[in-house]
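Chain IDs A, B, C and D follow the sequence of writing; residue 1 opens each chain.
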Amino acid sequence: MKVKNKQIFIPLAALLLLALFNLAMDPSFFKISLGNNSAGDPVLTGYLMTILDYGSEVAILAIGMTLVTAACGGQDISVGAAVAIAGSVILRVLVGQGGDGTLQAPIIVAFLIACVVAMLFGAFNGVLVAIFNIQPMVATLILYTAGRSIAAWINNNELPIVTDQTFTYFGGFIPGIPVPTPFFLAVVCVVLILLALKFTNLGLYTQAVGINASSSRLNGLNPTFIKWLSFVILGLCVAVVGLIKTSRLSTINYSVIAKDIEMDAILAVALGGNALSGGKFNIMASILGAYVIQFLTTTLYKFNVSSDALPAYKAVVVIILVVISAPAVKDKLAAYGKKWKKQKEVG
Amino acid sequence: MPVKENAVLEMKNIHKSFPGVRALDGVDFSLCEGEIHALMGENGAGKSTLIKVLTGVYEKDEGDIFLKGHDKAVAIRSPQDAQNLGISTVYQEITLCPNLTVAENMYIGRGKSKLTKWRKMNADADRILENLGIPAKANQQLSDCSIAVQQMVAIARAVDMDCKVLILDEPTSSLDESEVEKLFGLMKDLRARGVGIIFVTHFLDQVYEVCDKITVLRDGRLVGEYVIEDLPRVKLVAKMLGKELDDMEEIKDENQMYKGPDERVIEVEGLQSDAGIKPFDFYIKKGEVNGFTGLLGSGRSECVRAIFAADKVVAGTVKKNGKAVKITKPLDAMKNGIAYLPEDRKRDGIVGDLSVRDNIILAAQVLRGFFRPFSKAEANKFADEYIKLLEIKTASADTPIKSLSGGNQQKVILARWLLTHPEYLILDEPTRGIDIGTKIEIQKLVLKLASEGMSVTFISSETDEMLRTCSRLVVMRDRKVVGELSKDELTQSKVMETIAGGGME
Amino acid sequence: MAKKNTAAGNAAAGRKKLTESNLLLLITVVIFVVMYAGAMVFLQKGFLKPQTFFNILNANAALIITACGMSLVMITGGIDISVGGVVALVSMCCAVYLDYMGGNVFVSLLIALGIGLAFGVVQGYLVAYLDIQPFIVSLAGMFFARGMTTIVHTAPFNVENETFVALKNTRIYVPGMGTVNKLGKYVPAYVEIGVIIALLVVVVLFCALKWTKAGRNFYAVGGNRQSALMLGINVKRTRFLAQLLCGVLAGIGGYVYFLHVGSGSASHASGMEMNAIASSIIGGTLLTGGVGNIFGTFVGVLSLSTIQNIVSSIGLDQAWWTGITVAAMLCIFLIIQSVILRRRQ
Amino acid sequence: GGGGTETTAAPTEAAAAEDDATEAAAEDDAEEAAAPAADGELIRVGIINNDPNESGYRTANDADLKAMFTEENGYDASFAYSLKNDEQITAAQKFIQDEVDYLLLSAADTSGWDSVLQDAQDAGIGVILFDRTIDASEDLYLASIVSDMDKEGETAVNWLADQGLDEYNIIHIQGVMGSAAQQGRTGALDAKVAAEDNWNLVTQQTAEWNSEKAQQIVQSVIDAGTEFNVIYAENDDMAKGAVAALDKANISHGVGKDVIIMGFDCNKWALEELLAQNWNYDGQCNPFQASYIDEVIKKVESGEEITEKTIILEEKGFDATTITEEDVEKYGI
């Protein structure tokens, strides 16, 4: 229990730090105003809402990424490409080939098909990792290389646009609810995974396999299956993000959609204090980590940092955060503290 | 400069705490030139910690270390420092690099030369290996060697170093008798050359065979230092445990044997796994304790692993209570009431970063099913119950198991399997690395469980331990079952004879 | 009995003589040779010309160098995904220095080394002495390098410094390897200066890893960090050294890249870190550490770009086939590797 | 194979050039070896392009090239796609070794091409640039068929100036830094902002042709509460992202509304937005270069002089108030 609390403390502290910084620089950062969007529905706007909105994509991916990391001791770098595939599938089912943008199928059907496809690709990664014992980062390099091409292939390189209004709800607002839908979807995913962790042994099994696959096997677990399963779950997360991403603009651009999102997802896991070498994990910490990243991005945008120079600032903050939370640093500080105390006593 | 005369090493007032545990509490220790000094104590007494403090693996909280030839207390911050100061060590868990060759493992991290001269190194290593009769080649990858060979390589490395202090932390736990003899020969040679040797073991016989002095630790505190002649066995044990050990000779009591119907719980025929044992037949009756005996590497572990389907089973049938059952993976075996405590604790047993609690409930939880996790309260109850029952020394049930001492880790794994309430319990070297007191406790426990109707297979490298507990022994040689002993045949000499291949067949 | 045991042990030793590193290297070399020979037989076209092979070298000299650095850290069980960013930053800084600040070529080389060194030192310190996960450290390193590149200068531009251009256009002709082109002109095969540097790096590192104590320490630390510590190896320093070398090699690689393209651009070497990792792995280095071979990495780079060359030579008609085919070949490669490794165990 | 004689599918000018080709070849023996079309063989072209799914523009461009360089038209074409300059250079080297007759190139980066092109020239391979210029000596290529990005920018900025606003508070969303399109379109706006007092840049950020990033950038400006009345996005995709952010915040845009929306490329869907008066302006960027390239090749094959090295495509800008259905059909890509 103690350890867990400690772990979640890191992203929380980071959030607090960022919040304080913004408060000091410009308190209007926290202003949230209720307005109407162009369809006339009430929406909340403000930086905080933007953070909830955009942070949710990474947060959802961080759920699956945490499980994969815990079970396999490695990361999936193909999620961005897989999001492109899922999005492409959704559009393909929704408007068909060469369609005029009107819905050819219910959105839910498109989404479910995307789920299946994304889980299949997750399963493919899972097979490479769990059965062929290829290290995750390398195994997923394959889909990373092929994913965006496959996405383009699915739609025959066309860039279909959905004209239907309801489709924009998933990346925007549902009429009458002023909170961004991506945040809702993230909440749903988080609740689902927390329920799964509470009412099944997913957590225990994943950790056991991640820490010691050999002894897990002798305890009746099937490490292969559990590793594979983590990738399939990640596939599901990918499909949800695919829906959000395509819905935001009602279209897709295969080569840039969800670009580099894998790095943010991995970063979220790490900022959550989870070991990237697998084993014990804390999903909530990862999710908070995701919002920390978005908080940071939004803050930087606010200060009008040029968007292509933004990574440099992000890097500095990330390094500061991980250095502060590194056990070695804590130990050293503690040791200095002791020495200092001693000196004081002596003196 | 050490205070004592002709002491090569002196440790004064050593303190070391881990979160929640005071592992060492003001321990003094001194080692003289040309002596073999046994460091004794229960599991978790702090022996390994003392050694790791000495060799710079852990930073000590307090205390000083003096070495001969140094005026002031020496600062040892890393094993490298220790090595440079002439302290060479064989740690409790084998600490070699599996991806390197045998020769490299013997020479890496030593010497001044900046280059690796492969040919010379391999030749040197081969010579040492041959001298010590270690069945390995210098250019072989270490991970291709058996545990015993790896242990010998670690010893060969330590011994080959030109050292003033040699530390051996339970080096004999995975060696067979002839290898132990060889090791003792070496130790005596080194003693003659004036090397001070610290020797940690739980085998009392070995202590009395080679040691000159004994230092006893209990619960991280120093109990005392004794000359071997002054401390007979019984007294030593009492010092270690802090109480008299009741009757360690005769624990097998005919009257307490299981009296139920005479049925065969598990019966296998022509069983064979891909680990390379010949097909074998085997049965065990309800309430029976039997054992597999044989030399190291004779295939005892492979046999029981095949029964548990820990290795891939390629042929044979298994019957449970007379009915044929299909066991193709460990879960099948568990569902059929079989439990297996593996011999390689670190690799196959513990789940290092998980808490003691999770490690205890793991198997029971898997049996109960994916969708039915134990509640927190239940898990705590089980954990507390077994921590108490087996007297597991841990700061709390939340402590990660990897920070427990070796023996206590073993107890946790045992607790794990007891919690599944198996009908048939397989214990592969359950007492390896376990202190004498606990050893007896475990033996007693095994017999008690058997008397309640559990069938137990007990594998141990110590024949007398087997004789004390088992009512039937299966003898193995060259990965084949070569005989079976029971009743009157259960004597040390008869067993030896059979193992060597003189007797039956 | 004892005798028999020894005999069996020896037999086992004989059978399994290849260490993991060597086995993986063998697989890579065999697959590469088969692949290239296959391309020569079935695709012909340019593959019959030696220059095609030398072009692979020319285009990948920088990748070879950075991949070697990557292999070093991977052997110690780390990873460094900042190398692509460092390459871009080096090119940009050198370009700006040469063109806008009228600098000289020698100093620009020092700048490249300095940047690599700086990244190596900082990342090495964070990884080795503060024990922060290398992936995160180098991810931040990558972000930082990429961001800095655009801060230094946004738009790409060609460098016109004369000495530099002369150096960049220097061709080292390979004797006896030319071909007659369709104009009837004899064109001697050539390599660029970068290739010589790359080959030097490969040879030096190969020897260093094989024959120096420090090199072997890399393997020990990667194999089992705890054990390495107990064996008396200075684990922290070894890890630091690996990360440092990787940074420096990324700096050198950056300069070689810069020599090859002759321009500074924020988009230079994008994705190079992934190519470096993939090459290392194809070459038989394991991400888990302790296993790997620099020569394998060299062959890995060649394999990867041969795959790309084959794909572009097949003349696939749709853009998406490029990505898919490269991925498929990578997949086959990895599966073959995995199956053979499994067979061995 | 079809061969060069079946020229029905080729544009008429090209067919005329073909006739000349036979004569020219007869006259000029030295040229014969290098003119495979003359003896009925296919002309081998290596085409290096950016990934077609980069944008609608690129998709149209790729489709156009594919339709032109077919066997029926006398070509044997190999394609290589990449958004990365170094991969493109590698592909070019490969094509040179494969001894294609022509290398058609749309470079990802303007820089870094001179030595490759030198190689191509040494190997007797004609290089034709399309869509994007590069930073290299003119002697190294036969022709370059490009859009005049500077002019595109100027047209757009002039249009904006004609709107006669009191104050121009502009959100400027740039393409990938360093691409010719970005440089041209940014240059014009920057010059104007520098020159006029009432033109201000609220923010100037690159969204790298990426609509999501554009959305985030605009979102951030909205969150900050800064006033603005123009969004100048350097392509349609980014304009779309910007508009999505406006819609969320209920900021009206289009003809006669609060914010002027400007885009480039003339995607069909973008022109439809114009038609619906949701956007105000879209600058054309003509992706149809294939017929011009074909013409150049035919000319070279027939030994003709290439008179103008740089062919600049005709391009217009569309205003929402004047655009017609026909325009959408005709110019939409």
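In this text, contacts are C-beta pairs under 8 Å (C-beta built on N, C-alpha and C of every residue); 3 or more make two chains touch, one makes a residue touch a chain.
Remember, it's a predicted structure, so these values are computed and weren't measured experimentally.
J.: Where are there more C-beta contacts: A-C or A-B?
T.: A-C
J.: From the mean C-alpha coordinate of subunit B to that of subunit D, what's the distance rounded to whole Å?
T.: Going by mean C-alpha positions, subunit B sits 73 Å from subunit D.
J.: Counting in whole Å, what is the centre-to-centre distance of subunit A and subunit C, each centre being its mean C-alpha position?
T.: A distance of 30 Å separates the two centres.
J.: Averaging only over C-alpha atoms, locate the centres of subunit B and subunit C and give their separation in whole Å.
T.: Roughly 44 Å separates the two chain centres.
J.: Please set out, as single numbers or ranges, the residues of subunit D touching at least two other chains.
T.: Each of 51-53, 62, 177 in subunit D touches at least two other chains.
J.: For subunit A, which residues are shared contacts with two or more other chains?
T.: If we look for residues of subunit A contacting two or more partner chains, we find 148, 152, 157, 306, 308.
J.: Among the residues of subunit B, which ones contact at least 2 other chains?
T.: Not one residue in subunit B touches at least two other chains.
J.: So, with touch as defined above, which chain pairs make the list?
T.: A-B, A-C, A-D, B-C, C-D
J.: Quick one: which bits of subunit C touch subunit D in the complex? Just the residue numbers, please.
T.: My answer: residues 45-46, 49, 51-52, 55, 58-59, 150, 154-158, 168-169, 181-185, 187, 257, 261-271, 305, 308-309, 312-313, 315-317, 319, 322.
J.: Help me check something: in the complex, which residues belonging to subunit C touch subunit A?
T.: Contacts found on subunit C: 79, 126, 129-133, 135-137, 139-144, 146-148, 150-151, 154, 266, 274, 277-278, 281, 286-288, 318-324, 326-328, 330-331, 334-335, 338-339, 341-342.
J.: Quick one: in the complex, what on subunit A touches subunit D?
T.: 28, 35-40, 43, 45-47, 50, 54, 148, 151-152, 157-159, 161, 172-173, 245, 248-249, 251, 253-257, 259, 297-298, 301-302, 304, 306-308
J.: For subunit D, which residues are in contact with subunit C within the complex?
T.: Contacts found on subunit D: 33-34, 49, 51-53, 62, 66, 77-82, 84-87, 89-91, 93-99, 108-112, 114-115, 122-124, 135-136, 176-178, 183.
J.: Along subunit C, where are the residues that touch subunit B in the complex?
T.: Touch residues, subunit C against subunit B: 1-2, 4-6, 9-10, 12-13, 16-17, 19-21, 210-217, 219-220, 222-224, 226-234, 290-291.
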